[in-house]
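One chain, chain A, links the two complexes that follow: it is found with chain B in the first and with chain C in the second.
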Partner chain A sequence: MRHSLFLKIGPATFRIGSAWRQPLDHLKTLYADYPAADGGITDFTVRLEPSAFLRRWVRPSIFITGDHGLADAAPMSLDHGLLAAEMGMNLQMALGWRRHLLLHASSVEKDGRALVMTGESGSGKSTLAAQLGERGWRLMGDEFALLDLLTGELLPFPRLVSLKNGAIGVLAAEAPSARLGPLLTGTAKGDICHLVPRADAIVRMGERARPSMLLFPRFGHEAAVRPVGQGEVFMRLTQASTNYVALGEPGFAALTRFVQAVPSHALDFRSGEEAIDMVERLWAMRE
Partner chain B sequence: MNALPLVRALREPASAATLDVPGWNALIAMARAERLIGTLAFRLADQPLPPAMQPILADARIDAERESRQALWEADRAAEAIKPLGLPLLLLKGTAYAAAGLKAGEGRFIGDLDILVPRASMPAVERSLLDAGWEWVKSDPYDDAYYRQWMHELPPLIHSSRDRMIDVHHTILPLTARQRPDAEAIMAEAVPITGQLSMLSAEDRICHAAAHLLADGDLAGGLRNLWDIHCLLKDVDAEGLEERARRHGLLPHVRQARRLAEALYGAGARLTPWDRLVRARLLARDGWGRETHKLLRFGFYLRSHWLRMPPAMLARHLWTKWRKGHRPA
Partner chain C sequence: MTVSLYYRQDGPDALVACALEEMLLLYHRPSGQTHMVISPVPEILGELTAGPLAAGEIVDRLAQRYELGARDQAVGAVEAHLAEMTALGLVRAA
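And then the complex of A and B:
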């Protein structure tokens, strides 16, 4: 393809090809401090192609695909090229990663122990992880948590944090503007801005942690903490995993062990400050 | 660039040792796009590989094992569903290769479950499958009527809880095709795999694969189908195959498939100009996994319709589809 870039995020490597220069220039800037993956064999190929022949030049529009793709993926405007590239990498992980159980969850680490947060889009898991990442925790990832099938440890996947709508202002108040990407307005999910994780999250992206607590955050509700039973946790995590079925028995064994070993709580909250207080208290109280 | 590096790696696994890093990346992308990554993983299993290749191919082997396990379970369920009819489940293509442990099944991607039943039994088989939890995929009355009148299979069924498709065929080519394979003879000579499962005879397996590749369809996924044929050819002698192909009216197709399999995956063969065009279409894939030669691909897409239907019928079909908003990819 006309333009290409190699990236390494956690255990995964990507070769990204693009018909346009712009999306890759954004990636280059924001991933500048990540270890170089140039010249290596990569796990996945991502392609950003014109959605139709003329769409390379006229009202440019991106079709996201690669080794794994969705035939009915909606095309995206070139103005959202950075988001398209990120989505392309996520797509490869979600559909193609087999080396760990992949959970749609954010995670942060302290003293070698990991806090995992899962929930639907809009639950606040991503924002909460990003805020904790600015306040003494190491951000392991805002989107995917990778669970080792044999050891039960959690692996980081610290890609750029994707901040949406209200979360953008929250993090802009905490993180230096040099770590924020361009503001993308009018995407399918509203406004989006990417945040480069703090340097420690990037330098230590090969460092695993033992999962020690699982939270199901829910933004916009009266503050409350409830225990969640193992059966419910198991079912919700199978739904939060994109490769649970594909992994077969090893996936079942790893998830069973995770559910039995890791205490879980549902966490309702109305503001980030409230949630962070509750998280710190729960964390201090865990056995 | 075309897909020759993939073909070379499958033909001669030791040749992969000469690949550089961009060469490996291109090979992976092509193999994934052609759904041959599992087959490639099996072929390269004993080769010295760069460390970064090991986990990629290990993943592909895991996926292939799951494919095969799932396909065999699906066959088991279908066999159970039609058991009261007293018919063995006659498996076609990938599931048959996996069930019988054929070389063509090693690492093979398996999509739908394809089975062959006598035409007279179609309504009973259809009822049994619907009773056992399969349901229609297409609800369009035109498509449904089209399948039933002109195709060699029922409209595809999908299982409501397992989400897997089954294609129930009564012969190996659409009824609109110019060739008329002898479906009764194919079923009469089927060979058992287990008590409940059976597959086509060695000769008919190739006739079917060649018909599917060259007398039907637009050659999408053709490199994989040709790899099947290359593997299946080891189980037949040339004379028996020719005789069988002649009986089905498929001799030119089987001969061409053999030439192409020899040329790409074997020791080489003399190709006709038409063979070369097919070869170019089969190889139309670049090192990013992209389709290339759009015009050539479109030509074969048009040809696939031409093969299936006489001109007046084709015109009417395309007009109906166009009005429904379908556009060629």
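And then the complex of A and C:
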């Protein structure tokens, strides 16, 4: 392709090819502090192609594809090229990663121990992880948690944090503007702005942590904490994993070990401040 | 005369079990499927480790450890479970 960029995020390497320069310029700026990928063999290729021949020039429209793709993915505007590249990387991980059990979850670390948060889009797991990442925790990832199949440790995947709508203002008040990407308005999920994790999250992106607590956050509800039974946790995590079935018995062994070892709570909250206070108290009481 | 149907496990190493509180997870190696089961399925599978058994024999063995009530009803219930377990591939007709 005309333009390309290599990125390394946690254990995964990507080659991103694009018919246009603009999405890669944004990526280069936002991933400037990440370790350079050597440009050799990468785990995945992402391609941002024109959705039709003329769409490279006339009302440019991006079709996201790569090693793994969705045939019916909706084309995106070139103005959302950065988002398209990020979605393309997520797509490769979700559909193609096999080296670890992949959970759709955010995670943060403190003292070598990881707090994992999973939930549907809008649950607040990504915003909460980003806020904790600004307040003394190391952000390990806002989207995917990678569980080692043998050791049960969690691997960081600290890509850019995808902030949506109200979360943008919340993090803009906490993080320096130099770490915020361009505001992308009118996407399928509303306004989106990408946040570069703090420097420690990037420097330590090869450093694993032992999972020590699992939370199911739920934004917009009266503050409450409830324990979640192991059967329900297992079921919800199989739903939150894109490769549990593909991994077979090693995935079963890794997930059952995780569920048996990690205490789990449902966490309802109405604001980030409230959630952070509840998380810190739960964390202090965990053993 | 009625003929009792015998059932056996789907191979000696077909299932990997993991208890999660009140629930038992079963990973079925031949299919790669995970099943979540509760009592009395684990107990029925446990009796079948000794070899093929009919529903009545399973009930007689379980009755030594559990209060099962009227035998006819218990046999009917175990037969229904065995039919479901057969459909899932967890046991086979011997």
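Note that the second predicted complex is superposed on the first by the 286 of 287 C-alpha atoms of A that agree within 3 Å, B and C clash if a C-alpha of one lies under 4 Å from a C-alpha of the other, contacts with A are read in each partner's own complex, and residues count from 1 in each chain.
Convention: contacts are C-beta pairs under 8 Å (C-beta built on N, C-alpha and C of every residue); 3 or more make two chains touch, one makes a residue touch a chain.
These figures come from a predicted structure and were not determined experimentally.
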Clash or fit, chain B versus chain C on superposed chain A: fit
Following superposition on chain A: angle at chain A, chain B versus chain C, Cα, nearest 10°: 60
Partner, of chain C and chain B, that touches more residues belonging to chain A: B
Which of chain B and chain C A:Val259 touches, first, second, both or neither: second
Which superposed partner A:Arg218 touches (first chain B, second chain C, both, neither): neither
Contacts of A:Gly248 with chain B and chain C, given as first, second, both or neither: both
Partner chain(s) touched by A:Arg47 [first = chain B, second = chain C, both, neither]: first
Partner chain(s) touched by A:Arg15 [first = chain B, second = chain C, both, neither]: first
First, second, both or neither for A:Asp67, with chain B first and chain C second: first
Partner chain(s) touched by A:Lys125 [first = chain B, second = chain C, both, neither]: neither
Least C-alpha distance (whole Å) that remains between chain C and chain B when both complexes are overlaid: 6
Chain B and chain C footprints on chain A, overlapping residues: 248
Contact set on chain A toward chain B in their complex: 1, 13, 15, 17, 39-43, 45, 47, 49, 66-68, 96, 98-99, 246-248
Interface residues, chain A side, partner chain C - complex: 229-231, 234-235, 238, 245, 248-249, 252-253, 256, 259-260
In the complex with chain A, residue positions of chain C that touch it: 16, 18, 20-23, 25, 27, 29, 32, 34, 36
Complex interface listing, chain B residues touching chain A: 21, 24-25, 28-29, 32-33, 50, 52-53, 55-56, 59, 62-63, 66, 69, 288-290
